[in-house]
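What follows is a short report on a single structure.
When the chains are written out, they are named A, B, C and D in that same order, and each has its own residue count from 1.
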């Protein structure tokens, strides 16, 4: 694989010739696949899915050389990761098309809130431009700042967009959760049923244990001996380690087995549901 | 220069306006929030697309192909274009072919995950029900031994109850199974409550940090 | 443990469980489907879809933030079932994604679901919306959809993180019926607090079988139970083993205690 | 809903408008911040006290050794962890302990040293003599770095954040391997403490201190029990505790005070909601009977 990808001088006719040949080879293969009878398409997809999965399967299970701790596929992992990163990156267009199409439609039909869509598109274009420029021409001076009387370079503008805009919007949205946690706990912590009461009691104990008022409640208990177990911080610790961890582990057992089964169904094309049953 | 010029430092000023606009959502979705929401998505997507080029395609595809002369990278282009088959009826199946390879690659990493990430948790669940020898001069030796056994037994029981709760196809007819499954669900609720309680501080700290940003970094009311 | 050869027993166990799953699936395709226990959250799915249609408001589905991962694909498999029902009722399905790769499959999945229900004309590409790959930009976008599209039923399935509560609380505020399930255990409490129905743990992986009653998927579900049973037995045997060793401290170069010692260490990573 | 039902106090107690909750929440954070005299008393937890006395012990028993502080935190958990870091550095500087910073996060490499640089003049700390910045290592080489430092610190770290060989600084005189490390302090939002325990502490018995976010703290409890960790400083409350123990006051105290108000508010709301629910339910039962 590596020799195939080997570097060659990249200005001669050989380079351009190989570029064209490479393109043609892939297009020919794809053309052949496309020309295959329609009823065999499902089988073709299944074969490719299986082959794709075979890589990591064999890499993991083939015996390794004890000296290097590698088998013949281990060295290829980096290449496969790079290849899937590159091909996966081409898909960015699917996202851009989806978003662009939606907002273009709103703008062109002047639907309610079309101004917002304009903001979105402009923000995206500006951010894209300055992110790229910041990478390759960070120090280029753009203008003299009228307020602070010093020159503003591309990196400075990028910082306003990134630190002032994107990072702050991100942090503010993250902080919204604090508000929502307050309203959600007010609503959910009711002694409606055994289940909701248990949820509430455990949450309140753990909360109380991390406050001064909470710990003050049981401060009169000794710090040693059997009674110490009833200090609220110890109850909280007990809930988090002795109750929570086996319960979480039980869930993880189920999730792992579920993921194993789903993975196998995908790999062996046994998965069912609209996408997998549809005519191709 | 005005003594309040710090209020107009572009990064903090813009940041503060953004913060306030986002926070306004909690009272009511409003026009200003809407503008900033769209701006946020715009900035994020612009940044995403740029980093796709600067972090992935440029260093991993363009540079190897054009600068280092690894010509074969050109072959990834038609393959990548297969994704766009979904926009046509004729070539839609080609996108499925490419997706299929990705499914395969994603699927079989589960074996390593199972052996490396998951099995250690199984092994760690072997809890001894016999206490270790007592530490010399421990006045509470029997208490410690007792709590060791009780806690480990509890671990095994909780794990079993939760696992039985998650049996789907085995008939839950027997009383024993029904009771353990029910217990499992109740224990899960207690565990979830504990997670909830322990997360609150971290989330509140984020809000406190944002308020500090507004009052200290921007307004400078707090020192 | 980077390779199976670091501890062949662990590798062999994973293969054994995998073969068991495949065998039970094969077997189930030719037999009467097994009965499975009730999962309350999933019974609510159809009800929520029906209610949304009555109100003339759309349905929102979010397949999590894991990108092209097993959890996302499982979520889409659940959504294909929900999408079919939504189409039957003649309602709209909005899917919000945070990964361009997922956008592509989501579009195909929902398109197919509408086609299967005989209503391909109702499918609108604009309802499959890529928002952003960044966690919180995506969260504000989803909040925007919940509010402005006036969503009546919201389904959150897949890998969710801190942002889950933003979806769930905003959904609650607009009065949407919410059904959620996630592979991220630490987010389940917040979903329980804010959603109407939550499926817990690997009920998530049982959901597609439960909703579709497809023999292959049901077979897989039975196999999953066997696997869990095997793991449970391993853990109990291990527990007995380490208890025996704790009762007999010291080294055990030979004899039956030596055997116990070996057995307990069988699955220790290499 | 009938008017009488809507009007009943009990019903209203169950349906406090979320906006009211949000305003109260904001106030309970802003007021203690603007008016530092409004504060909840802080009672340091046992784990915080263990942390404090642990560092005191290091200062008394092994004052010549260096303390390694590693940081994984970034802007996401800054709200909790910059105050922990500040409180810990203040303590180290008060007790004139030499320390080295080591970041495993790209943002942390600027955030953590900035705190040390800000505090240094107050305590007459000088870079290279009293403290040093080992710089940034990618998360992917965390284990190798920790493992390498057990036997050879200058050889593993080589150069500091200013690209000078660390051996050229006076602070590194006589500091060769893990035996010359007085303590390791792990300030982190991820599960990194297990690696320190397994690879570093296991080899050298160096006291290990853990400063996690509140969510991650339970991961440390079993290690505290077994004595492998000498103290846990949990989240922003931990920072407040620590400032209390140090008898200094900074934002950690205010934030902890704000946090106590927030908790009190949430608990109060839950109680109000439940009283309303409970009484209304028993009223309806009477009517039905």
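Criterion: a contact is a pair of C-beta atoms (placed from the backbone, for glycine too) under 8 Å apart; a residue touches a chain by one contact, two chains touch by 3 or more.
Every value quoted in this text rests on a predicted model; they were computed, and no experiment measured them.
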| item | value |
| --- | --- |
| Joint neighbours of chain C and chain B, given as chain labels | A |
| Central chain (by mean CA position) | B |
| Chain pair showing more contacts of the two, B-D and A-C | A-C |
| Maximum centroid distance from chain A, chain identifier (CA atoms) | D |
| Distance between chain centroids, defined by C-alpha means - chain B, chain D (Å) | 21 |
| Chain centre separation in whole Å, for chain C relative to chain A (CA means) | 16 |
| Inter-centroid spacing, chain D versus chain A (mean Cα positions, whole Å) | 27 |
| Gap in Å, rounded to a whole number, between the CA centres of chain D and chain C | 34 |
| Per-residue overlap in chain B, given as positions that touch at least 2 other chains | 22, 25-26, 34, 37-38, 40-41, 43-45, 47-48, 83, 86, 92, 96, 102-103, 106-107, 110-112, 114-115, 122, 125, 156, 159, 163, 166, 188-189, 192-193, 195-196, 198-201, 203-204, 206-207, 209-210 |
| Touching two or more other chains - residues of chain D | 18, 22, 25, 214-215, 218, 234-235, 237, 259, 262-263, 266 |
| For chain C, residues contacting two or more additional chains | 2, 4, 11, 14, 18, 68, 70, 73, 101, 104-105, 107-108, 131, 133-134, 136-137, 140, 148, 162, 185-186, 189-190, 192-193, 200-202, 206, 221, 224, 228, 231-232 |
| Inter-chain touch pairs (all) | A-B, A-C, A-D, B-C, B-D |
| Sites on chain B touched by chain D in the complex | 26-27, 198-202, 204-212, 215, 221-222 |
| Contact footprint of chain C on chain A as seen in their complex | 59-64, 69, 71, 74, 88, 91-96, 98-99, 101-102, 105, 113, 169-170, 173-174, 176-177, 180-181, 183-185, 187-189, 199, 203, 248, 250-255, 257-266, 268, 270-278 |
| Footprint of chain B on chain C - complex, ascending | 1-2, 4, 7, 10-11, 13-14, 18, 34-37, 39, 68-70, 73, 101, 104-105, 107-108, 131-134, 136-138, 140-141, 143-144, 147-148, 162, 185-186, 188-190, 192-193, 200-203, 206, 210, 218, 221-222, 224-225, 228-229, 231-232, 234-236, 238-239, 241-247, 249, 264, 267-269 |
| Complex interface listing, chain D residues touching chain A | 16, 18, 21-22, 25, 40-43, 45-46, 75-76, 214, 218, 221-222, 234-235, 237, 259-260, 262-267, 269-270, 273-274, 277-278 |
| Contacting residues of chain A [partner chain D, same complex] | 167, 171, 174, 178-179, 182-183, 185-187, 189-192, 200, 204, 207-208, 210-216, 219, 223, 233, 237, 240-241, 244-245 |
